[in-house]
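In the two complexes below, chain A is the common chain; its partner is chain B in one and chain C in the other.
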Partner chain A sequence: MTLTSLTFFAFVLAVLIVYYLIPKRLRWLVLLAASLVFYGLLALKSLPFILFTALSTWAGALWLGQVTRKRTQIWNEQKSGWDPAARKAYKKQTQKMKRRILALILVLNFGILAVLKYYDFVVEQINRNAGGHLSFLGILLPLGISFYTFQSMGYLIDIYGEKMPPESNPLRYLLYVTFFPQIIQGPIADYQKLAPQLYEGQDLRYENLKYGFQLILWGLFKKMVIADRLAVSLQSLLPVKDEISNAWQLLILLIYCAQLYCDFSGGIDVVRGVGGMLGIEMAVNFKRPFFSKGLAEFWQRWHISLCAWLRTYLLYPIAVSKPFLRFGNRIIEKSRSEQELPEDSLWGGFTFIQHLGRVLPGAIATLITFLIIGIWHGASWQYAGYGVWNGVILFFSMLLAPVFQWLIRRLHIQTESTGWKVWQILRTAVIVGLSFTFDIADGLMDALRMIGKCFTPVLGPTTHLGTAVDTGLAGADWGVVIAGLLIVFAVSLYQELTGRKVRESLNADSAWVSWVLTLGCLIAVVIFGMYGPGVASGEFVYMQF
Partner chain B sequence: MKKKHWIKIAIFAALTALILLFASSLLCVANEKDAVGLYGFFLEPEDSIDVVLIGSSSIYTGFYSPLAYEQQGFTSYALSTSTMTAPLYRYAAELAIEKQHPQLLIFETWSFTYEDQQDETSLRKFLDALPDSELKQRAIREIVPEELQTSFRNPFEKYHSSWDRFGELLQVMQDKLQMKRQGYSVTKNFGTTPFRQPYLQRTTDYEVSESGFYYLQVLLDYLKEAEIENVLFIRCPDMVQYVGTDSYKRMIEMIRDAGFDFVNLSAAVEDIGVDIGHDYYNTTHFNVFGAEKFTTFLADYMMKRYRLRTDHDPAVLEEWDQCASRNQQILGYLEELTEQDANGFLYTQRDFLEPAF
Partner chain C sequence: MEQFIANLKKIKRGVDFEKETSLIDDGLLKSFDVIQIIGMIDREYGIDVPPSQILPDNFNSARAMWDMMQRLED
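On to the complex of A and B.
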């Protein structure tokens, strides 16, 4: 039962009917039962893993909550009796206790993730480089482990940070962890935004059904009409990528960019659409990433929920951690005696050292975060390379930002002009596109070689087969892909320029046009979608992560 | 939700269903010729066909029913699709009996030599062209490989991607509509290619496959159980010289033991009067000249051997008279094209629909 299968939609329909038929206060139970059934049908063997994570996080959060409550209670009781030193000592003591609880649950859960995801990779490295003979675990990754682990740990850290009280009902918490539409590939949900919607029981509203249905169709269009077609082409092109010309290699990268975006964002649209039909608004995971004018902006528009998680729970804590702040301050201290510079100087009114002191902690934290993003994608050097590629580019762009500003001023570039914005968008797309080489290459060295090939002349000595390459798709299929991509581009451009969703605009302006387009989209998916015997539809690229 | 919202949803669902139904009937076509050919069978009035011929392409390229009617007065139809495999015979026979209760059933035996009796394409040419029925569902359950059964039950799953044949499929739909308006099929599923194949000497062992034996037995059991009296198994003539093998002899024995007839017409080319370098469009199929000779010979054989009754309702006779009245025009046209070795296209009843032809 994949997200694009008829079985899945029959399942969703059944859930919708039952959900809206039973009393509101019990509706969350329907979602829980549906989520467990869905997960069980998809990956029964993985069920113990997700149950363990849910249970351990729920218990850990409850424990943390108890410690916090007890501390508050004792504080209140001892309001006048304690001097500041005693109060501080007690706070330190409880903080220590809480840190231990947090560390225990984090280590347990991230430990499971790390062992299952990276153990075999580490063993392979040891066996290969140190002549070891360690045996592999050979266990298939539990379905959605990265997503539910991150989501659960985010909840736990929030409880630790006392942003909210813990959920006392284990079943309610289990629903938050296992909520069926998002379990396969996210988005990673913020507890405070998702959980209340899950628990309160939503009313049956026509707008929810309509918007949700339209979002599902749009997602299926991107996934089944475009991405799955391009996947067929990549299956033909990737095995011969070493034999084909540089131009074809660039084309492979373009195809992969389009496929990955349509696959992942399409899948997320289906997930959000199902949520929408249930009256539950789930986190937005994509905001037209290929309109980004810089790599940092790209990462605020691509896989938003993961990046937001990493920003909140990793990047900021590292950047504002005591060692990092001390490190930055020490550098700034060193250059304090130097004379002050004008605002429009090369380093933006600071000396180089002062600038370093200001941005280096954040830049190093960014580098670390992206290394982790890379490794999160998979246990291999090429994914580490993916992280390093992004991290290093962002590191230097942060470091050299004042220089770029200085150059822009010196060259009198109109940064508000369309030409400049288009240049920024294209530049970002190239950087992002090249980074995807790490995804499709056969290892780190192959990725670097592919990137190198992209920078050598198109008609260089590596041109073997020329135009005789089999793209795996017929001309008519390419017509569908190009038309589909143009539609996606037009919709994205409209949203980018107006800030409005096409669905909302259409529904507001003309309900009939909206219905006709919905019907058109449905027919397009049914006719042009890639499914049926011999078609490996339903597999999502991000399922593997 | 308000009542008007439910109405909107209902209208949308109904519209979607209608469009999908249309798309399904347009796109679910495995083979254009076979789809139209089998459609014609269902247009024939019940119990109006005297002889049903079942088999692969050598049947519908070799036997021209309206000519047999003109010469002998019995009605017939080629319930035949290209590369029709043996498992389909039993269901084709059941269909023929259910709809027509024919006086004689004829089966072409070359299909029993196929190694892959469950070839998807071959099964689809026949099964996907049938309207939905209990028989079709049973056939899918019993002879289609399990992993393909879902897509046979719901052929749209496979054929939705046929949109790239839109023009041809629209033509199929038009042809069917035109045939429906006309009320019958003019050429009764006959098809030929206007070309004269020069003689090529080829010798092949007539080796019946193990699965061929299995499906032959299934067919014989069914025919006996259905108490069908007149059944003739034939091997249509072609350019190939067949070497009889033990399995060939075993096949004939099985057929005769079951009380049915077998005739190897491949050995009767001289009696039929076949001009080898002139009467075939390729090594295994007659062109229109060969088909005329073969039809004349086989119709005569059937009439003499089975003493077929030719009495029918006036309406049926009127239909067949109309078909026969066009024999000269259609066969003449095809002969002319064949003499010119016009081209390699298969001419079928679609090409002779009025008023287009």
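On to the complex of A and C.
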């Protein structure tokens, strides 16, 4: 049962019927039962892993809550009797206790993720480079392990930070961890946004069913009509990428960009559509990333829920940690000067050293975060390369930001002009497109060679032997892909320019036009969608994480 | 408070810190600016802002940041 199969939609229909038929206060139990059945059907052997994570996080959060409650109680009792020093000492003592609990649960859960994901890679390196004979674990990664681990650990850290009280009911918490639409490829949910919607029981609303259904169809269109066709083409092109000309290699990168975006965002649309039909608004994961005007902006529009998680629970804690802040402050202290520099100077009103002290903590934390993003993508050097590529570009863009501003002023560039914005979008697309080389190459060195090839003179559309390249798709299929991509582009452009959702605009303007287009989308999926024997439509690129 | 606003203006030029009340929600401050502001709070006021306090509500205005600093000092 995959997200694009008829079985899945029959399952969703059954869940919808039961969910809306039973009393509101029991509806969360339907979601829990459905989530456990769904997970069991897809990956029964992985069930103990997800149950362990849910149970350990639930118990750890309760423990943290208990320590916090006790501290508050003692504080209140001793309000007038304690001097500030005694209060501070007690606070320090409880913080230490809380840190230990947090560390225990984090190490346990991230430890499982790290061992399952990276043990075999480390063993391979040892065996290859040090002549070891260690045996591999050979365990298949539990379904959705990254997503449910990140989501659970985010919850635990929030409880540690006293953002909310812990959930006392283990079954309700288990629903938050296992909620079936998001288990395959996210989005990673914020507890305070998702959990109340899961627990309260939603009313049956026509708008929710309609918008949810339309979003599912739109996701299926992107996934089955475009992404799955392009996947077939990549299957033909990637094995011969070393024999084909540079022009074709650039085309492969373009095809992969389109496939990855339509695959991942299409899958997320299906997930959010199912959530929508249940009256549950799930996190937005994509905001037209290829309209970004810079790499930092791209990462605020691509895989938004993962990036938000990493920003909250990794980037900020590193960047504002005492050693990082002290490091920055020490540099600034060395360059204290009474002389005020003009704002339009090269380093934005600061000396170079002062500027370094201000930006280095954040820039280094960004570099570390992206290295971790890279390694999260896969246990291999090429994914580390992906992280370094993004991290290094962002590092230098932060470091040199005032210089770029200075240059823009000196060259009198109109930053609000359409031409400049289009240039920024294209420049970002090239940087992102080249970074995907690390995804499709056969190793780190192959990725670097492919990037190098993109910058050497372009040859014709043939192999080095002069024979025609087989793209794996017939002319008509390319017609479908190009038409599909034009539709996706037109919808994205409309959203980008107006800031409105197409579904809401259409329904507000004319309900029947909206239904005709919905029907058109359904027909397009049925006629042009890739499914049936021999087509791996249910597989999503991000499932493997 | 005045000096605090002057310090904020050095970090992010062209933002009206006296009036703006949706600095994060409207995208006027990015994560990188927030990190620099926390560095400045630590440097100039000796107040340690923990990651759990990095919430939009605490950084949407200069007043909200100032109030957060008072809370953390207590």
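Things worth noting here:
Going forward, the second predicted complex is superposed on the first by the 534 of 545 C-alpha atoms of A that agree within 3 Å, B and C clash if a C-alpha of one lies under 4 Å from a C-alpha of the other, contacts with A are read in each partner's own complex, and residues count from 1 in each chain.
Please note the rule applied: a contact is a pair of C-beta atoms (placed from the backbone, for glycine too) under 8 Å apart; a residue touches a chain by one contact, two chains touch by 3 or more.
Values in this document were obtained by computation on a predicted structure and should not be read as measured data.
Of the two partner chains placed by superposition, only chain B is touched by A:527; chain C is not. In the superposition on chain A, contact of A:362 is made with chain C only, not with chain B. Looking at the shared chain after the overlay, A:406 reaches neither chain B nor chain C.
Contact with neither chain B nor chain C is seen for A:494 once the two complexes are overlaid on the shared chain.
Using the contact criterion defined above for the overlaid structures, shared-chain residue A:332 touches chain C, although it does not reach chain B.
Once the two complexes are overlaid on the shared chain, A:205 sits against chain B while remaining clear of chain C.
In the superposed pair of complexes, A:163 makes contact with chain C only, with no contact to chain B.
The larger set of touched chain A residues comes from C, when the choice is between chain B and chain C. In the superposition on chain A, contact of A:476 is made with chain B only, not with chain C. Partner chain C is touched in their complex by these residues of chain A: 157-158, 160-163, 296, 311-313, 315-317, 319-320, 322, 325, 328-329, 332, 343, 348-349, 358-359, 361-362, 365-366, 398. Residues 204-206, 209, 474, 476-477, 515, 518-519, 522-523, 526-533 of chain A are the ones that touch chain B when the two sit in their complex. Taken in their complex, chain B has these residues touching chain A: 1-2, 5, 8-9, 12, 15-16, 19-20, 23, 27, 147-148, 150-151, 157-158, 160-161, 163-164. Residues of chain C touching chain A in their complex: 10-11, 13, 30-32, 34-36, 38-39, 42-43, 48-55.
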